[in-house]
Amino acid sequence: MIADTAIISPKARLGRNVRVGPFTIIHDNVEIADNTSIGSHCEIGIESELSDKSPLQIGSDSLIRSHSVFYESSTFGKNLVTGHSVLVRENTHAGIGLQIGSMGDFQGHCSIGDHVKTQSNVFIAQGSVLKNYIWLLPYTVLTNDPHPPSDVVKGVILEDFVVIAAMSVVLPGVTVAKGVLVGANSTVRDNPEKDTVVVGSPAKTICKTNKIKLKDGSDLPAYPWRRHFHRGYPEEVVKEWLNSVNDLDLNDYDIS
Amino acid sequence: MIADTAIISPKARLGRNVRVGPFTIIHDNVEIADNTSIGSHCEIGIESELSDKSPLQIGSDSLIRSHSVFYESSTFGKNLVTGHSVLVRENTHAGIGLQIGSMGDFQGHCSIGDHVKTQSNVFIAQGSVLKNYIWLLPYTVLTNDPHPPSDVVKGVILEDFVVIAAMSVVLPGVTVAKGVLVGANSTVRDNPEKDTVVVGSPAKTICKTNKIKLKDGSDLPAYPWRRHFHRGYPEEVVKEWLNSVNDLDLNDYDIS
Amino acid sequence: MIADTAIISPKARLGRNVRVGPFTIIHDNVEIADNTSIGSHCEIGIESELSDKSPLQIGSDSLIRSHSVFYESSTFGKNLVTGHSVLVRENTHAGIGLQIGSMGDFQGHCSIGDHVKTQSNVFIAQGSVLKNYIWLLPYTVLTNDPHPPSDVVKGVILEDFVVIAAMSVVLPGVTVAKGVLVGANSTVRDNPEKDTVVVGSPAKTICKTNKIKLKDGSDLPAYPWRRHFHRGYPEEVVKEWLNSVNDLDLNDYDIS
């Protein structure tokens, strides 16, 4: 379960069935819950001058892939899954089911809800607030400095069910409302309205999200996606979604 | 040839003159052909639930640089060269002479021809098809989901001799025709026509590629590049190019 | 100070109080000055066919974080600080106080002045020239090939005090004048004028930088930033800035 070449601090607290790969380092100030696997070549629980000295806590049934780096004083609910070579700095606080794509770079001092999924190479600046059920596609960048360099931090707020397509930037201080879809390679400067599609630099509103049709032959609306896409979410979450989506159908989504 | 600290499965099949750097792990389901070098801190042949359980095959005379990660069930012809910290998932099938720039992220389930060259930090989504003699410059992103998140996969197709400049995104399902040049920081939504330059978000056609002049003092057309740029390609490939380019000169390239 | 599992060439020259983390490799052709720390899982001083065989020189009081890779024949003044997983190729020559954000990718054969700070995932092509006091925000890309692929190298020149916001590309051969601010997700094709803000693809001039106001409640001009932002710079540098900024205030910055 623990590779011979791993270096585990005797002060680190590891639960039952925790696996640790070769050449991985686990520092003192770390708590890893049951059934979690850490890949090879990782460094877990790095000390930081910017931390509050609380332990790094990794929830149960998690998977951290190889070459990843986590600092102390961050907390993750169960079922954290990461790609390879991710970096997570201190004071990142996330709920359950967080997915961090390979080469993701979370700068810490940020708040993340439940079931947030980021794909490869996503950058989360300090001060960001991500609510629940969010999708960030490859090379999404959340910024925080309105006039760099400065000490002013205006983090981005992403509400529930926000989807940001590849290679888009959200500018400092922007709030992206519930259910918004940001098109690829966009620059979000103005706060988009709920359930709209915004595209471009600066991003402009194109339509309501429910105008986009599924390309699976059904011609049904592709959004809100929680109506039809459930892979990887717990049953109780899906049940709750379906109830709320039905309400939405009758009210917010009819824009004829 | 094999570093003392490398961990090599006795089931892995290594050819003659294979070198393996310190702290590198080679798993069971791996075949590495003669004269190939693997750098330090790599993990090669990771098992995957999404694979068909066939071995990872690395061709002869290849070079995989440090901190790279390869999954099982991918195949590469001879003369694979990678930068550092590349990630290649399962079911990536590539011909000879593939070059993957540092921090490249190949998500697997894709098909790559001969002599494809990607520079740093290129992202290849599942379902992508890359033909031959392609150049992807830094931070090129090939996407695949037309309405994320979904289970619909519309991979991008890149025909022979496509060049994509830095920081461009190709949207799901797009086919980029032979010899197209995509300008930097573009978003390719519509299928570009053969031997055209497209730029912008969404990318618009600017001109035929042969309107761009070489900035080497010669004032000759910079495209088709295979007429003058041969560094790193085998002699027989260059010979074939020159024959076909001469034909092209008389036919497709005269747009006066 | 030197981890048991580190592999240090007996030919490498390490100063006093040099620390080396676990699983790090230091090759022959390396000189590391006093009080410098190298994190875990690094590879330092890789040989290169493209180098002039001079040693890699790391200045005193530097910090190289984990999973980083440096080639031979590059030189850095004191107080180099890097994030994790940075890559620096041969013939990179930098002054004092260089900061390289995590996953930064410096392709070598470039020249960097004093107190240059790059954030995460910045790409510096060969032939780039960066003067002093520059800030490159996440995912900045400096290119060099005007018609890829080719052997023509037209590096970018960034003058003192240039700031480039997230996800911007500077095209080959561009000179960015002193004090320019490039907005996020821009493509810089034309040479911007001194102390201007340029935004878009291609980037257009919006205003002088001093038209941007601080969002700290003061409503003072946010630029030139050296008037008010001094964190992390030596006292003598700040003193020099303040003198020159006062001159600028009376002359160049009054555009009423």
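As written, the chain order gives the labels A, B and C, with residue 1 at the start of each chain.
Here is the rule we use: contacts are C-beta pairs under 8 Å (C-beta built on N, C-alpha and C of every residue); 3 or more make two chains touch, one makes a residue touch a chain.
On a predicted model such as this, the values are computed, not experimentally measured, just so you know.
Contact topology of the protein chains: fully connected, every pair of chains touching.
For the pair subunit B and subunit C, the fraction of shared interface numbers is less than half, so the two copies use mostly different residues to meet. Note: centroid distance subunit B to subunit C, computed from Cα atoms, is 28 Å. For subunit B, the set of residues that touch two or more other chains comprises 5, 23, 41, 67, 85, 103, 121, 139, 167, 185, 201.
Interface residues of subunit A facing subunit B in the complex, by the touch rule stated above, are 5, 22-23, 39-41, 66-67, 83-85, 102-103, 117, 120-121, 135, 137-139, 163, 165-167, 184-185, 200-201, 212, 214-216, 222-223, 225, 228-229, 231. Interface of subunit C with subunit B (complex): residues 5, 7, 23, 25, 41, 43, 46, 67, 69, 85, 87, 103, 105, 107, 121, 123, 125, 139, 141, 143, 145-152, 154, 167, 169, 171, 173, 185-187, 201.
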